[in-house]
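In what follows, chain A forms one complex with chain B and a second complex with chain C.
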Partner chain A sequence: MGHRLGKLLTPYFFVAPNTLIFGIFVLLPMVYGLIYSFYRGNFISGLQQFVGLENYRKLLHDQAFLSSLLHTLVYVFLVVLLVVALSLALALALRATSLGTSLARIGFYLPVILSPVVVGVAWRWMFSSDLGVINALLSSLGQSPVPWLTDINWARAVVILASVWSMAGFYMVIFIGGLNTIPAELYQAAEVDGANPRQQFWQITLPLLAPTTLLVTILATINAFKAFEIILVLTNGGPGDATRLLVQNIYLTAFEGANPTYASAQSVVLFAILMLLTLVQMRVSRER
Partner chain B sequence: MTTANQKRRWGRILRDGVVIGLAILFLVPVIWVVLSSFKPSAELYVLPPTLLPKEPTLANYQSALTVGNFATYTWNSFFVATMSTLIALLTNSMAAFALAKYRFVGREGLFLLTLATIMIPLQVIMVPIFLVLRNMGLTDSLWGIIIPPAATPTGVFLLRQYMLSIPDEILESARMDGASEWGIYWRIILPLSVPALATLAIFSFTWRWNDFIWPFIVISSEQKATLQLALARLVGQFGVDWSTLLAATVITLLPMLIVFLLLQRYFLSNLTAGSVKG
Partner chain C sequence: MRKVWLLALVLLLGSLALAKGTLQIVWFTEAPTEQAILDKYIKMYEAANPDTKVEVTYVPFQQLTQKLELMVAGNTPPDVARVVTANIAQFEPVALDLSTYVDSASFLNQFLPSQIPFIYRKSRIIGAPLDVTANGLFYNKDCFAEAGVKAPTSSLNVWTWEQWREAMDKVRNNSKCRFALSYDFTTYRFSTLLYEAGGRYIDESGKKFVVDSPQGLRALTFFADLFKDGFIPKGQWLSNDDPSTLFRSGLSGMYMSGNWNLSQFAQIKNFNWGVMPLPRDKMRSTVPGGKFVMGFKNSKNPDEAAKFIQWITSKEINLPFSKDNMVLSARKDAKGMKYGQFDDAIAIYESDLSVTPAYVGKDWANPVMAQMNTFIRGEIVKVLLGQQTPKQALETIQAEGNKLLRQ
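Showing the complex of A and B:
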């Protein structure tokens, strides 16, 4: 009898440690976060009063939140556009296998394995207004230096470029995988029919690559919405709040503004956006 | 015919040269940090800067490791990444074994839950997780950044897929010979899963080494900072001390660079593990 019971419990014993960690550190906080968002409270005395949807209503008129949302949307749009274009171009240039393309793939992938903090430091070192190598080059060409990280628009541009730089190699690999599934016979047939490379790209490569392009677009969008660390190091959200995105605004609201419940409402909004994108992604991958 | 072949060969060599050149250009931000880190601090302020250090020195590294305390941060990062990876290997493989090789009530639900947690990024739960860790007394403790991220859903998924390919007959005959269930897991399943475990180990170590948000929320005292956290704090100060900062940056990126260059095949081909960051 004891033996049978033991056998019945064996699988639960094996899943227990992992499930426990999941439960305590992922699911529990998720549920807590949702509950907090309907309350008023702080870090010292905890939840104080149930306020229903008040936190969410407040969001609609909160200048800091709305501008960080707007900045995030613009940032995501531009980053995704550039990432898709660059990683596709890299994949097309490096799809053939040779020593040169293999080495180049390693080079273009390398930024992906760097931590976001390192990426931020490296770009800040290049674009620093007084010590940066970019401004040194400009002044040796007789141009006046540019306030890269202190001018609103330049800071936004540098933040976007650094993000694209750190992500492109990853999606390049996915695109190369997609390109490898296109049968070579199609290109041979097209060549026999006299199609030039440009026609082959528009008529064969792009249409057959559409599922991969969609997947890359969604994955890059999800990742861009989560952006935080590179920007924290590069501009700390500045100048002013010009490069402050959603995640940083959540962090500031919770920890500097000492308003964890209001920050939780913002987290729920971010989660809803990510959830929606993930559901689209699952739909897409199932159809592939 | 030969001239056409020759032409194609030269074309290929030209293309290889161009793409390698572009890749080097792409890496300028990293290369520039590495080269600058060997310049004496006075040379960093000389305009126009030279590409190579005129008087290469290791002084910046020395001051980063001693004055800047980066030896401590490096040890903390190593400790965190190694311990978290070991815990992930153990707990993920146990869960994967049960999900792949047993039938039990709640298996499907648990598997779906595992997949669903991939959708919950840390960015979304950083406020409540701070409170959970604080209630458990795990804030400002290295264990607070070791244990929580160890239950990587990606790892469970990867290992389960791999273990499904191990034939059930092996387990059955071991049971006939009187092996315990733990013995089957420890002596049969784990050794057979080494390729998948190695993949997970590489990715887990990379994720944990590069983690920033975890230590950013959890760690407050200076002695317990990881490299990423210390680096971000250093760059946030007024009047950034670039000579120390640059050397510290190279110290931070070097282990990842070595891992990547030795094992680049895993990164450039293994999309099942790489497609989702854990």
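Showing the complex of A and C:
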């Protein structure tokens, strides 16, 4: 009897540490966040009044929230698209093993191990409109400087490029792993049948890489939604609020606006979006 | 066995350390020199109070509000914190009331009248002023000399805004300073222009916003034109570029900031710099503010906190402390105090403060201004981006301000 019970409980003992950590540091704050979102309150007086869905209703008319949500959706779409394309291209170019490709892989992976703050500072140093290296170069060539970080559209482009640069190396490694699982015989057979490299890519590489592509898309989407530090250092959400994404808006609402319960409602919305995207992606992957 | 003894010894020492009262202080710093100076004074305090151990957590100014908000929300506030004008209004509900520890009249009477509205709330004393701050204009003497521009040196020859613009133009075109003016990205610093133009945020009753006025419009239009005409680098207000760095690197002719930079700028070796009286429009004005120390009513050692606050704001400590930090003491008896190499600069700040109307301080003592700070800055940025006119910005600021005042 005791032996049976022990056998029954053993797996739970194994998952207990992880469950405990997940419960305390992820689940509990999430539950608290959800509860807070139904209240009015601040850091000093605590929760003051239950307001039901009032915070959520307010979100529908909050220009700062809506524009940060729109910026986030556009940012995520472009970053994910570019990250998938670039990391796949890098993986294809560097899949062969040689000293040169190994060095190049290290080079492209390097941004991944850098702190996002360092990435932000480095890009700022290059693209600062007044003191940046690139504008100094342009001036020395007789060209007029470009308002990289003070013009709304340029600033958005720089933020997206910096994010793609910092993420692509990581996904390149995943794609290389995926490429290595494709049997070489398929390519040999295709060559015998007279398929050119482009046909091989579309007919063999891309279809067989689909699970990897899906994984990369899911991970890149979630990471892009959480983008914060690079943008904070690079533009601080500016010019104006042109590069302010949802996570930064939540942070500003909570701390500068001293309105943590309203910020909680925004976090719940972000959580719902991420949850929905993940469910859709999982469904797609199951159907495949 | 030896391990057991060692453990017992550690536990014994630990419990002895705990037996001592530990005063927890959160201290924000703006200049690298500040930490060493406070450490010196903390040692003095510990020597005078052997039963107290002081633990200081230093935070950069940008993180101060967030740090305090989280500590208060977690019900673990520090015993003492160094704060600015906006914070003391924000944390008023949880402030330690010093009036239960001191004779209110004589305690308040030590400080300059301009600082009293910030700390005295209907019989409660919610903090004590450490020093007085004033917005001010620094300039690069080398670039001025190279461009043949003579800076005003006293209240008698203060520039008008037009003269100021002319000087910016000359410095930018005729010296190695590529940029005419660096300007801190704060509502406080912009507000200097509002008051100089004769405007204000809140009326005398304290119940109505009046910033949407011809004076407000003149100030905001003048400010926006400084960006449009390339006198202030756009990155400072649009993309997080640090104005102080630009001035310290010798690339900016002038820098609109404040007196708290003196100790940091004392380290500048690559060029000569000075302080000039603020330019005038309809009138002369600066924006007075201050640094304060405050306690929190739910802290672990409120009695010790009150004792420390009295100590650091006392004449014997505060005057040398202010001199070491090169800041203007908020004590009345500091009048005429000599600061050595920066006496001229400090005389200029004092002159700017002396002509500033009383309602300027009253504006900023209103808790609504602490809530409006970021909002106002955001609306100004929209003007700089061409997303709205100065008039529209002032209307929006006024409407939002009135909404908060009504709440």
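Going forward, the second predicted complex is superposed on the first by the 251 of 288 C-alpha atoms of A that agree within 3 Å, B and C clash if a C-alpha of one lies under 4 Å from a C-alpha of the other, contacts with A are read in each partner's own complex, and residues count from 1 in each chain.
Quick note on the criterion: a contact is a pair of C-beta atoms (placed from the backbone, for glycine too) under 8 Å apart; a residue touches a chain by one contact, two chains touch by 3 or more.
Since we're looking at a predicted model, the values are computed, not measured.
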| item | value |
| --- | --- |
| Overlay on chain A: chain C relative to chain B, clash or fit | clash |
| Touched partner set for A:149, first chain B, second chain C, both or neither | second |
| Of chain B and chain C, the chain that contacts the larger number of chain A residues | B |
| Which of chain B and chain C A:270 touches, first, second, both or neither | first |
| First, second, both or neither for A:241, with chain B first and chain C second | second |
| Which superposed partner A:74 touches (first chain B, second chain C, both, neither) | neither |
| Which superposed partner A:260 touches (first chain B, second chain C, both, neither) | both |
| Which superposed partner A:131 touches (first chain B, second chain C, both, neither) | both |
| Partner chain(s) touched by A:210 [first = chain B, second = chain C, both, neither] | neither |
| Touched partner set for A:189, first chain B, second chain C, both or neither | neither |
| Colliding region between chain B and chain C, picked from 80-88, 224-232 or 242-250 after the shared-chain fit | 242-250 |
| Chain C-contacting residues of chain A that also contact chain B | 43, 124, 131, 233, 236, 255, 260 |
| Residue numbers on chain A that touch chain C, as the complex places them | 43-46, 124, 128-131, 147, 149-150, 152, 155, 233-236, 238-241, 252, 255-258, 260 |
| Chain B - residues contacting chain A, complex | 12-13, 15-17, 19-20, 22-24, 26-30, 32-33, 36, 44-45, 47-49, 90-92, 94-95, 97-99, 102, 104, 107, 110, 113-114, 117, 119-121, 123-132, 147-151, 153, 156, 181, 185, 206, 209-213, 217, 228, 231-232, 235-236, 242, 245-246, 249, 252-253, 256-257, 259-261, 264, 267-269, 271, 274-275 |
| Chain B contact footprint on chain A (complex, rising order) | 7-8, 10-12, 14-15, 17-19, 21-22, 24-30, 32-33, 36, 43, 93-94, 98-101, 103-126, 131, 133, 136-137, 139-140, 165, 170, 173-174, 177, 219, 226, 228-229, 232-233, 236, 247, 250-251, 254-255, 260, 263-264, 267, 270-271, 274-275, 278 |
| Complex contact set, residues of chain C against chain A | 65-66, 69-70, 72-73, 90-91, 93-94, 179, 233-235, 238-241, 246, 251, 371, 374, 378, 381-382, 384-385, 387 |
